[in-house]
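Each of the next two complexes has chain A plus one other chain: chain B in the first, chain C in the second.
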Partner chain A sequence: MTKIFLIAKNSAREAFRQKLVSLILAAAVALTLFSMWAMKLDLGHEQLKFTANFTAGALGFFGAVVSVVLTCRLFYSEIENRTAATLLARPVSRFQFVAGKLAGVAAMLAIFALAVLLAGAIPLFLTRQKLGLLPDEMFLGGRPDLKWAGYAVFGFLQYVKLVAIAAMACLVCAASRSMVFAIIASFMVCAAAVVSCSEFFSGGGFLLNAALYIVPDFDIFENSIGFIFGGVNWAQFFAAFFYGVIYIFAFLILSVWAFASREI
Partner chain B sequence: MKYRLKIFLQVLCACAALAAVGYASSFLAKIAAPQRAEKKFGGRAAAFAVFGGYREAIASFVWLKAYLAWERGDYQKCLSNIELCVELDPENIVFWNLGASIIAFDTPHWLFGGGKAPQSVQKSIRRRQGALALEFLDRGLVANPKSRRLKLDKAIIYEKVFADKNAALQWHKAACDEGAPIYVVRDCANMLEECGRAREALDLLLSRAGSFDKSHPSYEFYLGHIKRLENKINSQKNMLAL
Partner chain C sequence: MESVIEISRLTKYFRSGIRGILVRALNEVSFAVRRGEIFGLLGPNGAGKSTAIKIMLGLLKQNSGECRIFGEKIGEKTKSKIGYLPEAPNFYGFLTAKELVKFYAQMSGMRSADAEISAENALSLAGLSDCQDRPLSTFSKGMLQRAGLAAAVAHDPELVILDEPNSGLDPIGMSDMKDLILRLKASGKTVLICSHMLREVEQICDSVAILYKGEVAAFGALDEILGRNSEALIRVKNPTEKFFGAVEKSAAEFGADLKVEKGGGSLADFFNKIVFERRGK
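Entry: the complex of A and B
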């Protein structure tokens, strides 16, 4: 456990130094804060929902980019710099190496998610204050309510999704030979998982159903945006949480298996 | 060759393991997102689907493009952008509402070519575009089954384009559910009256009168509507008595 922690700590430190990640984080935070202004161009959306969607967009889109790019860069920097060979020559197992790398990425993703959530809370709070000044008659379906606990749970589930995407990228990295290929392949699998490929297929058949099961369905995490306005549905929360955790461990085990048969 | 076979077998094993995990955890996906079956992305919208929460903002920008095409009377660009809007954000009633109005009432004028077409052709185009708008609204109602606005849109198209008051009445009735605002109830009563069912119109207005805020300015008009219908029914009775 100490070894995993040490590798994770080192990976997280390295992740902080990545300029690309800082740039994406800055863009995500700026765009989230920009949602108040973007609302002026909006047509027909409920204002609080529109603002919350900007936070979800920053977490979902930029978060997926950070997850994939960071995982691939951290993984390949160890292999290309030959530090992985030095590390694995010591009493460090491949599981500890892969788990440490993933934990390091997860730490960086936690900071990313927290920064975006805090940035998203500002326009949400301001929009709610603005709506609070309007009379009740302005709201046909009743005054929209904002649940901060739901917002926190939504953020946590999005974080679980990002870690699962990172674990998926870890598997692609462990199995592939070049970083560019790993990044492209990870993005493709990630897009299929986020969009939910089941949306594109119809019909049935064993092979098609089996193919649909191979790619995880990360679209289920989008449902959690409803927690911000309607409160947390704990059954849905735990189902999504365990779904994410199961995939994180499945991808981790497969990554270790793929990495074990790889020449460093 | 052996190396390639080994890689192929490894990929196959990984896929089998993931399929097993996917199958075992599919019940969790169903609990986590029970209403997901209603959402479907079209071809172009799928490309934007990866943007997640930004889809609504993108849809708003696409609507601006549709609006620019509308100003120029560019049929194809306007309709394709409206289609993209509703695919990106099917829950936004405004896109369905304005889109249907554009299809039913604006596009026929673009297709007439300056009003030079014969009346029979104009009528045929109006009916074709009206049918397209109704089909468009049907898709909107699949995404938003509780929307009164879209049901009223269908009623308006049946009435104005097809002059089919009975079909319009069906959609007015569908919109006039429990909790419908004053104007929806009055519209439904008006349509009942136009269909020659003044008694039913009065019954509807009387049955809903208790559910509205009596201090609201529009309630006066509501009472006036009841009064007018009562007078009409009474005068009809008197006429029959004579």
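Entry: the complex of A and C
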């Protein structure tokens, strides 16, 4: 575990230094804060949901981009710079190397998700304050109630989803021969997972149907946005959480298997 | 003497291009490195030196043949006894020299506190004590090479593999590196050097193997392959033709068949002879 932790620590430090990641984080935070503009619109009781959707969109889209790009860059820079060779010449197993890289990316993603969620909390808080000043009769379906615990759990599940995307990218990296191919292939797999697998592969042949069982269906994570207003449905939370964790470990094991036969 | 590295009929193929044509990198390569010696693995570019080293380190798998380190197949246990300096090392630029050496020492199985002390000692040995807290991104190529050497020896390995250790070093740096390698030998370590700097190799190596196009062209103790045991070399400053004549005449009086020539054979001469002979085949 010590070796995995040390590799993860170095990977996370390297990730923090990636300018591209900082730019994407800045764009995600900016987009989230931009939802404050919605406060000037009069969307009635839908205004709070509109603001929450902005945060969810920024976290989902930019988070997926960061997951894929960061994983591919960290993985390939080690191979191209030959630091992987120096490391694997030590008593470090391929599992420790891949797990350490993934853990490093996961640490960076935690900071990314936290920053976007905190930025998203500002317009949500202000919108709720604004709506709180309005009389009850303005809300036909009842006054929308913002649950901060639900918001945190939603954020956590989105984070699990981002780590699952990173694990998928890890597998693609371990099996591919160039960084560009790895990034493109990872985005395709990610798109398949986000745009509901059944739609993405509908009408496909045997191989595409088989892919349905390999690529996770991220709809299970997207449904958790309802936690923000309706409170946490724990059965739904655990189903999504374990679904994500199983996929993360499955992709990690497959990545190690693919990387084990790779000549450095 | 006990062999630290035993390479026996090692063969390695690579697939090249879209059609996957097989390219032979090593063909039935055999040699052995004895404990406590400095061994030079030599050869022109593309001879298969790096492939052989990567197989020794477990980074590549051979197609056939055997590679044993400390009498065992390469694994976690044997790797902890090896220190490796890659050619033109590229390290995490954001780490300081001390952090880097400590990191690699920990990766070799040392505890954090022990690794810290070892890192300081190894950096002192490499002459980098003054800049151990500087980020590696500010280091020159030569300083990186020294930091790499410190990282290779910090965990006190029994076998040190150095791939082009003089790469990027100035003459003073090369001289320091030579001293460091000799100090490693004096402390009982076995050192394998892969280098193009034949003059430096000749000065410090006990044995060499010369690879050419994936085959062993020559292998043995340096004194033997250069014929130093069957011939004597007398260095004379400012010899004159009269001196040559007098020495040959006096040797003849003792029944010795002496031929005095200017200069002497070097490893570089021998290396070139071997490579040109092979090219001519």
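In this text, the second predicted complex is superposed on the first by the 244 of 264 C-alpha atoms of A that agree within 3 Å, B and C clash if a C-alpha of one lies under 4 Å from a C-alpha of the other, contacts with A are read in each partner's own complex, and residues count from 1 in each chain.
The working rule: a residue touches a chain if its C-beta (ideal position, glycine included) is under 8 Å from a C-beta of that chain, and two chains touch if they have at least 3 such contacts.
Since we're looking at a predicted model, the values are computed, not measured.
Engineer: In the superposed arrangement, does A:Gly57 touch chain B (first), chain C (second), both or neither?
Structural biologist: The first partner, chain B, only.
Engineer: Pick one for A:Ala258: touches chain B only (first), chain C only (second), both, or neither.
Structural biologist: A:Ala258: touches chain B, not chain C.
Engineer: Contacts for A:Ala191 in the overlay, against chain B (first) and chain C (second): which applies, first, second, both or neither?
Structural biologist: first
Engineer: Just checking: does A:Gly150 make contact with chain B only, chain C only, both, or neither of them? Give me first, second, both or neither.
Structural biologist: neither
Engineer: Quick one: is A:Pro123 in contact with chain B, with chain C, with both, or with neither? Answer first, second, both or neither.
Structural biologist: Touch status of A:Pro123: no partner.
Engineer: Count the residues of chain A touched by chain B and by chain C, then name the partner with the higher count.
Structural biologist: Here the partner covering more residues of chain A is B.
Engineer: Which partner chains sit in contact with A:Asn10 here, chain B, chain C, both or neither? Use first/second/both/neither.
Structural biologist: Second partner only.
Engineer: After lining up the shared chain so the two structures overlap, which partner does A:Arg82 touch, if you call chain B first and chain C second: first, second, both or neither?
Structural biologist: In the superposition, A:Arg82 touches chain C alone.
Engineer: Which positions of chain A touch chain B when the two form their complex?
Structural biologist: Where chain A meets chain B, its residues are 38, 41-45, 49-50, 52-61, 64, 140, 171, 175, 191, 194-196, 199-200, 210-217, 219-223, 225, 235-236, 239-240, 242-243, 246-247, 250, 254, 257-258, 261.
Engineer: Quick check on the complex: what are the chain B residues that touch chain A?
Structural biologist: Touching chain A: residues 10-11, 14-15, 17-26, 28-29, 31-36, 39-41, 46, 49-57, 60-61, 63-64, 89, 92-95, 181 of chain B.
Engineer: Which residues of chain A touch chain C in their complex?
Structural biologist: Touching chain C: residues 2-3, 6, 10, 13-14, 17, 81-83, 85-93, 263-264 of chain A.
Engineer: Which residues of chain C touch chain A in their complex?
Structural biologist: 54, 57-61, 76-77, 79-80, 82, 84, 86, 89-92, 94-95, 103-104, 106-109, 151
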